[in-house]
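Both complexes below contain chain A, partnered by chain B and then by chain C.
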Partner chain A sequence: MTTLHEVAADPGLPGRPPRRRPSGSHVAGALFVAPYAVFLLVFGAAPTCYALYLAFTKSGQGFAGISNFSHVIGDFRFGPAVAHVSLYLLSWVIALVVLVVVLAIMVHSVGMRWLSGSLRFVYYLPGALAGASAVLLWLFVLDPSAGPAGPLLRALGYHTFSQTIHPTHLPYIFAIISFWTGAGGWILVMFGALNNISPDIIEAARIDGASRFQIAWRIQLPSLRKWIAYMVVLSLAAGTQLFVEPTLLSQASQSIVPNDYSINQLAYQYAFNLNDFNGSAAIAVLLLVVALALSALFVWRGGLFTTEER
Partner chain B sequence: MHNPAASRHRSRFRAPVALAVVATFALAACSNSSASGGGKYGFKEAKQSSSAQITVWIDSTRQPAADAYKKANPNDPVKVVTYDGEANGSGSFKTKMNLYDKAGSGWPDVVFSSQNNDASWASQGTNGAQAYAAVLNKGLVPDNTLSGWSKGSLDACTVNGQVYCLRNDLAQDVLWYNKTLMDQFGYTVPKTWEDYQALGDKVAQDHPGYIIGAVGDTFAEEIYMWSSQCQANDVTGARAITINTSSTGCTQMAGLLDKEIANKSITTDSVFTPEFVKAYTGKVLMMPGPAWYAGAIFDNKTSLNVPAGQIGVAAPPSWGTNAPVTGDVGGGTWFISSHSKNLALATKFAEFVTTDDAYQVDQAPGYPAYASAGQKWIAKQQSSGYYATDLSAITTAGGEVWSGWGAPTFSQEAIWAKTMTPVITSGGSIASNLGKWQTAIADQAKVDGYTVSTK
Partner chain C sequence: MTTVRRRGAARRQDASPGPQGLRVGSLTGWSGRTVTGAILLVFVVFFIVPLIWLLLAMTKSGGALVRQGPFSFGSWHDLVANWDQLTSFQDHAIGQWLFNSAFYSVAALVLTLVISIPAGYAMALTKFKGRRTLLVITLVVMLIPNTALVLPLFLEMNAVGLVNTALAVVLPYSFYPFGVYLAYIYFSSSIPGSLLEAARIDGAGELQVFVRIALPLAMPIIALVGFFNFVQNWNNYFLPFVMLPSSGKYPVQVGLSTLLSSTTAFNPSAAGSGSIELPTLALATVVSVLPVLIIFLFSQRFLVAGLTAGGTKG
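Right, the complex of A and B next:
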């Protein structure tokens, strides 16, 4: 880690470095990155390595090969948990990609500044609620006898809270909650990305007779590709770790939503209920591998790391 | 001179070193384990000091218990910490003790848990750590004190003949009924489940909208299946369980419930939902349920709010000529830490809060598990004038809790809630899903290290 002393001792650094000096910007960059790097090591890399160590050992018995992995995969709750999270991820990520892009392009094409601005604000608003409080709000919304969506839910045939949160509905309910809290932020990001497209290109397309739809499809969408990949990567990382929503719903639903609904919850059960930290670590490592593989796919397909000089 | 490339190289080298240091600390924490066994009370004691402060964990409901102790013993060094009390099986008690086991220190000396199945794990050491719970019946708590508990009330605390906790309160199931309504309709209180079912059929026909029970809660199986002697939770050893949901007790009760749910004389709503209060205020004819239903549902302004002089209590029904037995919904427990540095004071505290009238009779919200306190508590409730009948049925039921339903480490309530409640609320049949229930219990039991047999 580059420390302050090294920076101060560097004779190439006068009181204020002139701009565009390569070595100065390196130091400044390192300074900016250093605090993050420290935290990444202590709270990211170190626990990951500890988890790897735990996953391949057995308490008091040393190296255990892949026995922890085969044990957790053989657990009767593992398959259902994977299915739950997959279904949730699939519905959520698809909804996120389609709706966020469509909404961002629509808001971007709104001519009136105040309307566009207030729409973005409204979209962003739910994101201000942190995970847990958003779930609490949805507990109320999903209650047919008390919530504002009551008439709609009753029309769909759900008369009690336990009918609304029937296990088969849960992946979609969690997807809706996540979309509602997370989409607004991404709409703003996409909006910013759309602003980056040179007006000249749009203007040229318009003169050539391109329709609104053609502009969106042939110019705006391709230039959003990287951002969409970025959104998907981050969403996958967050989504595979589904925990807060089912945990709170489990408490609120008198356990109709089980406390081992998601993979992360199962890992928690292993660590703190079965006192099997090794099994818990094995689940965490599996989760990491899958999330990394999925993210790598999107990074690669989305060309996220291909740099182009502006 | 500062060389960016060299510094990058150095920091790349330092990262693994830092990791190795962190990992070493982490490993050192794990390897700190101690052997169990030995000691004059049946476990290995820590070095004792009569002046050591004890830490007590309670839930907020038990605050008056700690206050009563401090009032009676103002000079004792007792530090009280409030936690969630394992409410709804949150697992916080177990979670924290696992972490203290890993750290090798920090255990509280006395812990209250609102659950009654904690002895199953607290009596067993895992990963080389000494079991958290102190053995109480090897001299720590005198035998003549232990014998003062209601019959069967320490079952949930007993593993392989050793007592690991003191029961705070009992939640034995009784048959609550509305005497005013029963008299008005000309019904007599059923003594058997057969009569109960026949009455349900009659209510459905003559007085639709009125109910004789509710099965929408997580503890429905502890009201109906337990008291029907359903062999779904027969814990036969520290890690052995017999599960047979096709036994007569289970199938009989499943049939009864299916029939009465279908004719709507038993509701599938949870008694703690606004829907229940809205639909059934003034419409509850009977309700099998725990002793605490009185304060939680009937005499509660935010629930059914039944006026004084209407609610009566009868012995729980039984099948045909079977001996009367009943179930139990919860009831808290007090644990003493085997790691305590002041066992004498910890024991004194635990004995006080479970047996002394200053708390159990004067302030406890639930039926005390300690027999003499229980009798005085009932007398006190009786004198409130709320009830239409005498409360002796509660005392009787306290000694009739069926011992064939055990307290394993996993939660039967959680299994019922996730497998059977969705079936019930979506109109499915309990009887035809008993196999599904069996599988779910067996799967969970195996995960928790139980040997499962089906008899």
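Right, the complex of A and C next:
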């Protein structure tokens, strides 16, 4: 319980003046969040603080200032890794926002229930194959000699596996894999949010003379805003983690794809090959700062906390 | 969202049903529907074709996979042969990996639900000191990439001697701010506070309000959080990769990479008695996702209906 109050009683943020509320509610609410607060401390706050501690110290030498950071940033592999991940993030998030919203609105406009349900099901199905399974499947897909996209790949001029996974293609390949596995889940979420819009409103707009496009743009899209921001935030956070895709691709390509392709792979190399946990933590902290900075912008712009202001 | 509703409600009041509206409504008809249909169909192909190919690939022999067309059928005989090759790999390692995955995922799933549903509820519909602070912290921690914490978590677990035990993955899996936030959004947007207020005025205790009123209405979000959590646990690669160094403790996702490195097509140096052929790797991929796939087949209707039925508020 003390742990909870350490988290809960922190007056760090400008809270609103407490409204009139039923007595007893305080204690009950605190009890309901207590287990979560404990896990938050032990598996969220503690490792984060530890990463910060490691990043600013050198083992056996105490405080190290920013030397760990300058060391990893100066690493010749760091710049390329950042470029790879940035390009991947950019293409993935744009594809996600545009296509998920368009597909969700389109699926929502399908009148036949069985068809709409089947579409959502088909789109979601690949979600079962996240992680290593999805990467393995895409290793097959990208293989022109045996995979399902063979004819297409050969038509595009790629005849061997090593041609399709040419390093310049990789950010887009990883973006496609991520989209393939993740988009369906978000389509489900958006679809649910679209169903939350009262049919009366759509009907009223239609009677007022709004076209399908206007309804989508003026009514449906604004009501998805919160969820889109949420999707972007989570995707950016997840995307900076890029690890399993390049790791397995590296394994399968006889090192055409290097094992330090992504930022996280580099962090892993630091920790487990160079035994430099401080350098590794420095990379982790850098990733964290970037993800937070990007996300804060979207949280602020996307109105994720609108329920708070009611 | 509130602004949309308000705008919509205002609109509804001055909406004058005239013949003009009907005309525009029907104009969007044919061409719009064709474009929509075409786009939806393209994505059906994109999402489903790799899966169909995978199911076909596991029924072929290694030679047939390359020689035959990508969408030809194999044979039962080859499927059995592939299965034999898969199970004999490192003496039924695949069975052990599957069991490990199931155990880690289910244990973490139960813990996650017990922790995150009440927490989301409390943040949305009860008042306690520091509620907003906790919300912001949740969002912030949720945004921290999991992998950024893998290494520090490894050192933390190492310090308490839990590395290479199930707890080293189950406990971190059960810390699931995404689920808390999802539950928070659901409770705050889909369950009217006035409903709970009414029950409180009628004399129901806080626990009763939660168990009798909020929980029954929360089944959709429980299913959703549970499902997302299970899938994420099942598919997690990096954390078990670091935490569980011995092959006997691997979940199936990490096991797959062992199979991949024994596949001669992708790693020619693996040629030998214990090597794996492409169709066997395809079979292993199918086996590795089968539990998630099956659960999804059965819970999909409930999941979708659940999430969409959440919109009681209008």
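Here is the rule we use: the second predicted complex is superposed on the first by the 273 of 310 C-alpha atoms of A that agree within 3 Å, B and C clash if a C-alpha of one lies under 4 Å from a C-alpha of the other, contacts with A are read in each partner's own complex, and residues count from 1 in each chain.
Keep this in mind: a contact is a pair of C-beta atoms (placed from the backbone, for glycine too) under 8 Å apart; a residue touches a chain by one contact, two chains touch by 3 or more.
Predicted model only: the values in this text are computed from it and were never measured.
Visitor: Looking at the overlay, what does A:35 touch: chain B (first), chain C (second), both, or neither?
Guide: second
Visitor: In the superposed arrangement, which partner chain does A:259 touch: chain B (first), chain C (second), both, or neither?
Guide: first
Visitor: For A:204, select first, second, both or neither according to whether it touches chain B, chain C, the two together, or no partner.
Guide: second
Visitor: Would you check which partner chain A:222 touches, where first means chain B only, second means chain C only, and both and neither mean what they say?
Guide: So A:222 only meets chain C here.
Visitor: Just to be sure I read the superposition right, which of the two partners does A:251 touch: chain B = first, chain C = second, or both, or neither?
Guide: both
Visitor: For chain A, which side has the bigger count of touched residues, chain B or chain C?
Guide: Ranking chain B and chain C by residues of chain A touched puts C first.
Visitor: A:26 in the overlay: touching chain B, chain C, both, or neither? Say first, second, both or neither.
Guide: Touch status of A:26: both partners.
Visitor: For A:146, select first, second, both or neither according to whether it touches chain B, chain C, the two together, or no partner.
Guide: both
Visitor: Tell me which partner A:289 touches in the superposition: chain B (first), chain C (second), both or neither.
Guide: A:289 sits against neither chain B nor chain C.
Visitor: Give one of first, second, both or neither to describe whether A:77 is in contact with chain B, with chain C, with both, or with none.
Guide: The answer is first: A:77 touches chain B but not chain C.
Visitor: Which parts of chain A are touched by chain B and by chain C alike?
Guide: 7, 9-12, 26-27, 30, 37, 42, 45-46, 50, 145-146, 251, 253-254, 271-272, 277
Visitor: Under the stated contact criterion, what part of chain B meets chain A in this complex?
Guide: 1-2, 4, 7, 11, 14-15, 18-19, 22-23, 26-27, 30, 33, 88-91, 94-95, 98, 101-102, 126-128, 216-218, 269-270, 272-275, 278, 411, 413-414, 417-418, 421-422, 425-426, 443, 446-449
Visitor: Touching chain B in the complex: which residues of chain A?
Guide: Chain A reaches chain B through residues 1-2, 6-7, 9-12, 23, 26-27, 30, 37, 41-42, 45-46, 49-50, 53, 59-60, 75-77, 145-146, 159-163, 166-167, 251, 253-259, 271-275, 277.
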